[in-house]
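Shared between the two complexes below is subunit A, which has subunit B as its partner in the first and subunit C in the second.
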Partner chain A sequence: MSILMQDVRKKYGNDYALKNVNLTFQKGKIYGLIGPNGSGKSTTLKLITGLIFPDSGNVTLHGHTVTRKTSVDIAYLTELDMFYDSFSVQETINYIASQFSDFNRNKAELLVKEMKLENNKKIKSLSKGNRARLKLVTTLARDADVILLDEPFSGLDPMVRDQIVKSLLQYIDFDNQILLIATHEINEIEPLLDEAIALYYGEVIGQEKVEDLREQKGLSVLQWFKQIIGTIEEDN
Partner chain B sequence: MTTEFQSSKPIYMQIVDRIIIDILQEKQILGDKLPSVREKAVQIGVNPNTIQRAYSELERMSVVETRRGQGTFVIENSHLLDELRLSMQTEVINEYVKKMKEIGITKQQMISELQHYLKEED
Partner chain C sequence: MMNPIKGLLIKDYRISRFHFLTWVVAIIVLLSFGVVFSAYTNQPAGTFFIFILVGISIVGIAPIMMLSLLTIEGKNQLWLYSPRSSYTLLLSKFAVILTYQFIIQILLTIYGAISMYWFGKSVYQQLSTGMFIELIAVINIALLLTGIYFTCWLIFYWSIYHSLKKYPKIRPFRWLVIIVLFFAYNLFEAFLIRLEIVKNFVSLYQLNIVSNTSLNYVDDEWNVLFDTATIPITPIIYYTLLAFLLFFATSRFLERKVEV
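This part shows the complex of A and B:
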């Protein structure tokens, strides 16, 4: 059970979104894709979902090339949200359950309770924090092999963030799932990660086990990230 | 609340320290079971692999033992508290002396400053 990216290049127009990316993701681990805006984090996630395809190189899931069909095994929380304003929380959950055969209604119910969402509330009346909570509910309730979260904390207050972190830890199935979180909020995410992958202008400029960084180099992920960016910019 | 961590020390070691302090303050009782890895992970907002590593380290230090199928327990040993307190003390003193040296304080001054400070506190 793994995701493999080999020599992946992706261009938008004349600009490289990713160049020569080689990465492996294995189950039971939480990976952080970190980097500033425009570094290729979202592109990487989209390539794994099969929403876009590489110009060259390969992306495989469990040994099969990623296509639109392999996306059934992937739960993807996008930066955008795609809820219908006139639906209630319950209707939204029903709708999503009808779209994904791996949707686990029990899990969804537990998550809704934990996130203190009201089933009969309309989407349009939800606060930003509650919309983000619902997004997470609909993603985590799937028994998918892979969970991809694109900026799950952006614009949320620390209380909501804490709750999302806790639900993540509670509901991830560590024996069977791969979790990838793309974010530029490095400090907030660090305690959650097994490994950090640093992206910068479409290239992987570093990959480290978080605890090894601290133990061997005495650096937090953010310090490490700043350090490697510093050396790159000096060279240029 | 999820917990804040210092940036220089491994997170698992910071968790080890906190569990030891909990034991010294008797928030965690000798012989009692620690929360499961998952529970502890959710409680403090940390990757379960990191908690597992902290528990293994505590086991290596003979502070806890893992009983098959039952969980991780604080060892019931009356000397444990003394030993832990002593090793924590050494660590704190090391840190104190190191920092004082960094700002150019002599050994004599360290002692007299500390005595002075403690008198004020009383």
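This part shows the complex of A and C:
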């Protein structure tokens, strides 16, 4: 089971969001997609989910070209506000459970308790932190083949961030799922990652196994990322 | 586990019920005003005027409700992050909206019956129950079909508008594209209707039903009269096919062109 991106290009007007990107994501691994704002991280995740389409190249999951229907196998946490304001927490969970057959209600209940969310609370009255927690509940409660998290820590305080990392460790099936986290908060996810992929203005500028980085180069992911960005900017 | 279609229907109902209640209150206020005003002016046929006014405004319910639903969804377009097909996503909205419209039409039907057989009995031409059912059925079906037709156009324009979002150069002029499309189609239709062959085809099959109403002023009092009229069938078939075409085109746009 894998995700393949072959020569993928995506343009918005004259600007490249992704330029000839070739990436492979394998089952049982956690990938960190890192890069500054506008580097193409969200675009990559949306392409894998089938929410946007490549201008050229191909994105496949299990050997099939990604379409809108691919969402059946992909649990996607967006950086956007993804809920209906008039719903309660429970109604939101019920709705998502009705749409995705892999939604695991027991897992959702445990997550809701752990995240200290109140089932009858309206979405519009939830704080930003609680909305982020609910996003995580609805994403992690799915037993999907692929989990994509787009900026899961954005604008959240350290307590919530810690909780999110703990939940990831607890609820991800490390042997059977592909987890892809797009973020520029590198320090938070570093302990989780198997591989780090650096994106810079639509191009993949580096891909390393995190263990190799630590053991062979003595670098953290952040140090490695700064190093390659520095080299590129010097060359320019 | 809840059925996915039921889940979609509940979702669409939940995000639109406030708008629906607003419509119901507005319609009830308007209908009540018709009765009060007619009683005040001593012209019971005044309810007929309100009946027509509400009937016309009902045609706008479905497209306006659909626009408000799509505006909610369009904030982030994440409704498209779903294993359901675009057809299903749209049909759920249609089902909810047309149910709303039908409920409002029932209110109007009751109002019509009260006006004809009680409040305005003296000025409304009294139809037999059979004729009244025929008239009400024609009006209700016509209102529903017209609502569906305009809503299909609305979703079609909406999907084009959002498909063009990914082209930054066209993005500021998206409204213009929609306006050009609107006028282009209407010019085409106007041209089509002037062709002799089309004229002949339109009048080929007709249906004779009670559908014509008129007001007659006699002895300081307005009277409501009903008559049979011939309705051409060809345009009904044409607009039904066009509505289907618009619906399927919209679904394709949603599936392949509208991005999140």
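What we mean here is this: the second predicted complex is superposed on the first by the 236 of 236 C-alpha atoms of A that agree within 3 Å, B and C clash if a C-alpha of one lies under 4 Å from a C-alpha of the other, contacts with A are read in each partner's own complex, and residues count from 1 in each chain.
In the analysis below, contacts are C-beta pairs under 8 Å (C-beta built on N, C-alpha and C of every residue); 3 or more make two chains touch, one makes a residue touch a chain.
These numbers were taken from a predicted model, which means no experiment stands behind them.
A.B. asks: Could you check whether subunit B and subunit C clash or fit when both are placed on subunit A?
C.D. replies: Once subunit A is superposed (C-alpha atoms), there is room for both subunit B and subunit C without a clash.
A.B. asks: Contact-wise, after the overlay, does A:P191 reach subunit B, subunit C, both or neither (first, second, both, neither)?
C.D. replies: Once the two structures are laid over each other on A, A:P191 reaches subunit B alone.
A.B. asks: Could you say whether A:M1 touches subunit B, subunit C, both of them, or neither, answering first, second, both or neither?
C.D. replies: neither
A.B. asks: Name the contact category of A:I205: first (subunit B only), second (subunit C only), both, or neither.
C.D. replies: neither
A.B. asks: When both complexes are superposed, which of subunit B and subunit C contacts more residues belonging to subunit A?
C.D. replies: The partner making contact with more of subunit A's residues is C.
A.B. asks: Contacts for A:F174 in the overlay, against subunit B (first) and subunit C (second): which applies, first, second, both or neither?
C.D. replies: First partner only.
A.B. asks: Rounding in steps of 10 degrees, give the angle subunit B-subunit A-subunit C taken between C-alpha centres.
C.D. replies: With subunit A as the vertex, subunit B and subunit C sit 160 degrees apart.
A.B. asks: Which partner chains sit in contact with A:M82 here, subunit B, subunit C, both or neither? Use first/second/both/neither.
C.D. replies: It touches subunit C, and subunit B stays clear.
A.B. asks: Which holds for A:E91: it touches subunit B only (first), subunit C only (second), both, or neither?
C.D. replies: Second partner only.
A.B. asks: According to the stated criteria, A:I228 is in contact with first (subunit B), second (subunit C), both, or neither; which is it?
C.D. replies: neither
A.B. asks: I want to verify one number: the closest Cα approach of subunit B to subunit C after the superposition, in Å.
C.D. replies: Scanning every C-alpha pair, the shortest subunit B to subunit C distance is 29 Å.
A.B. asks: Do subunit B and subunit C touch any of the same residues on subunit A, and if so, which?
C.D. replies: Overlap of subunit B and subunit C footprints on subunit A: empty.
A.B. asks: Of all residues in subunit B, which touch subunit A in the complex?
C.D. replies: Going through subunit B, the ones touching subunit A are 1-3, 5, 7-12, 38, 41-42, 44-50, 53.
A.B. asks: Which of the residues in subunit A come into contact with subunit B in the complex?
C.D. replies: Per the touch definition, subunit A meets subunit B at residues 29-30, 162, 165-166, 169-170, 174, 190-194, 210-211, 214-215, 218-220, 222-223.
A.B. asks: For subunit A, which residues are in contact with subunit C within the complex?
C.D. replies: 12-14, 46, 49, 51-53, 67-69, 71-72, 76, 78, 80-82, 84, 86-87, 91, 94-95, 97-101, 103, 105
A.B. asks: Where on subunit C does subunit A make contact in their complex?
C.D. replies: Residues 1-4, 6-8, 10-11, 14-15, 18, 72, 75-78, 80-86, 166-169, 255-256, 259-260 of subunit C touch subunit A in their complex.
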